[in-house]
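Letters are used for the chains, namely A, B, C and D, taken in the order the chains are written, and counting of residues starts over at 1 for each.
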Amino acid sequence: MTLRIVATGGTFDKHYNELTGVLGFSDSHLPAVIARTRMTVPVELDVLPLLDSLDMQDADRARVLAACQRAQENAIVIIHGTDTMRETAAVLGAANLGKTIVLTGAMIPYEIANSDALFNLGVAVGVAQVLPAGVYVAMNGQVFPWDNVQKNKTAGVFQTL
Amino acid sequence: MTLRIVATGGTFDKHYNELTGVLGFSDSHLPAVIARTRMTVPVELDVLPLLDSLDMQDADRARVLAACQRAQENAIVIIHGTDTMRETAAVLGAANLGKTIVLTGAMIPYEIANSDALFNLGVAVGVAQVLPAGVYVAMNGQVFPWDNVQKNKTAGVFQTL
Amino acid sequence: MTLRIVATGGTFDKHYNELTGVLGFSDSHLPAVIARTRMTVPVELDVLPLLDSLDMQDADRARVLAACQRAQENAIVIIHGTDTMRETAAVLGAANLGKTIVLTGAMIPYEIANSDALFNLGVAVGVAQVLPAGVYVAMNGQVFPWDNVQKNKTAGVFQTL
Amino acid sequence: MTLRIVATGGTFDKHYNELTGVLGFSDSHLPAVIARTRMTVPVELDVLPLLDSLDMQDADRARVLAACQRAQENAIVIIHGTDTMRETAAVLGAANLGKTIVLTGAMIPYEIANSDALFNLGVAVGVAQVLPAGVYVAMNGQVFPWDNVQKNKTAGVFQTL
């Protein structure tokens, strides 16, 4: 088993810029996060352009799809913004790649106190290795199939349709 | 799906006592950790006596087994010290409970910088919900069957026999 | 010696709202921060409306001045946004209150990784107890008189004029 | 003004060794801590052998004294274990070096949640620049003269004699 992690930005990877006071993107936290997890399964990391998922366009989703298509690995975890995680999952689900692809993200950035990022990554890494091929969303400690998940923005949680 | 988490101590749950300078046990961190994960799957928490797993005796393992036996839930995550995780897993595996039981822990306590605790919990919570009945150890981002796992104490990682 | 801490918001006290994704204000972190410092000098805390200092108007500065005037304590630390810390310091300096007033803040919010907030508070608490009456700004490990300090916004540091 | 920081170990600088499970010493955290403070006052760092202050012998205190004697700076902060901070302060106080020397430390290691280390360093750095020559202990947000301070081990706080 080998694992590929694809970083696309989202709340998980936001960084506070102390000069501008803006929460945006700089270098991905994923290399440090992966080291911290002490994972022994071989991991390949793809850092795509880091975006707020509200800013993701069709071309950006096509880039995520391409990263999954060219991956040698059968287990893929995608770090993604929560607001349009479902839309990207749908693009990947429709593509029927024959791989186990799990999208996850965070409600609180990794670098902010009380973040759920590391936990969510754990859920995604775990289930990506044991679920059958398909596209899934892992948030709130649950795993959802790509075609039966939505973000409840009022409650800030993912749930079935 | 409902999940039961059984806290037994171990490095994951150690607490620094500022009066004595000793890393030992106080209240479990699990209630705060569970809140932080924003899990929406219903979770029941059993806090057993918190022990360094090197101090675990047969009676302590019997208590863990009893907690699994009386649990209503079919998915159980056990927070355990790493040094004898394998021994407790063997007791549970031999009991053949027909439930999915995943043991996990941490190399660095939850309250210490760079801890793997939250990640490991994520892996365990994720796979406990999707693996078939059986007893597993989830460490280093991998899932091991209870009868094919050991801690490599020199390297500080879990591996197959 | 008794100490008064006046919270007015600023980067120090910003909070990430996970529902909106906005770094704004909620309850002040100061009660938790003060507990964490293990200060034994008696501390009184005034939580004024929490504001980004770019949003501070004359009326807001008047409120800070009033808090200093009515304080029984001769040592006062004010938690303030960095962008207009100098302007509030000037209002307090001109008022000539005969107390030792130290303004401080943070370049990174207290709840974000690598924050300077706790260090800056330490500097301010320390010097507020030993400097003669006057108004000072404590940032970057230095103490500046209120009438000889500016924020270099390009470098993100405080310096003399 | 230039500042010298002398690291001697103590709880402040303890590091959790994940292979042995022991809180001991490895590389000093001080370089990272100093970067985090965003101090603009020039700082020189002396990392002496890192010790639990209960293990400090006369020769170790003589080494701290020598570091203070050879320092070009008139403001010196010493990071020290709390249990014998007073003893080292007495050695330095008796030497009458004509410099402002402030000893500080922590009740909780820098790398453990809820640590007071960064705050204490702030207090020490602040007052080291404004107090007259002499030897002081800065803990619990207070500054004590070297000959009127003791650690109350039951309460875990510093107080006058």
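A few comments on the model shown:
Note that a residue touches a chain if its C-beta (ideal position, glycine included) is under 8 Å from a C-beta of that chain, and two chains touch if they have at least 3 such contacts.
Just so it is clear, the structure is predicted and the values come from calculations on it, not from any experiment.
Averaging Cα atoms per chain gives one point for each, and the point farthest from that of chain A is the centre of D. Rounded to whole angstrom, the centroid-to-centroid distance between chain C and chain D, based on C-alpha atoms, equals 25 Å. Annotation: 38 Å between the Cα-based centres of chain A and chain C.
In terms of their C-alpha centroids, the spacing between chain A and chain D amounts to 43 Å. The set of chain D residues that touch two or more partner chains comprises 107, 114, 156. Here the chains touching each other pair up as A-B, A-C, B-D, C-D.
Interface of chain D with chain B (complex): residues 11, 16, 18-19, 21, 23, 107-109, 111-114, 153-154, 156.
Of all residues in chain D, only 3, 36-41, 43, 107, 114-116, 118-127, 129-131, 138, 140-143, 156-159 touch chain C in the complex they form.
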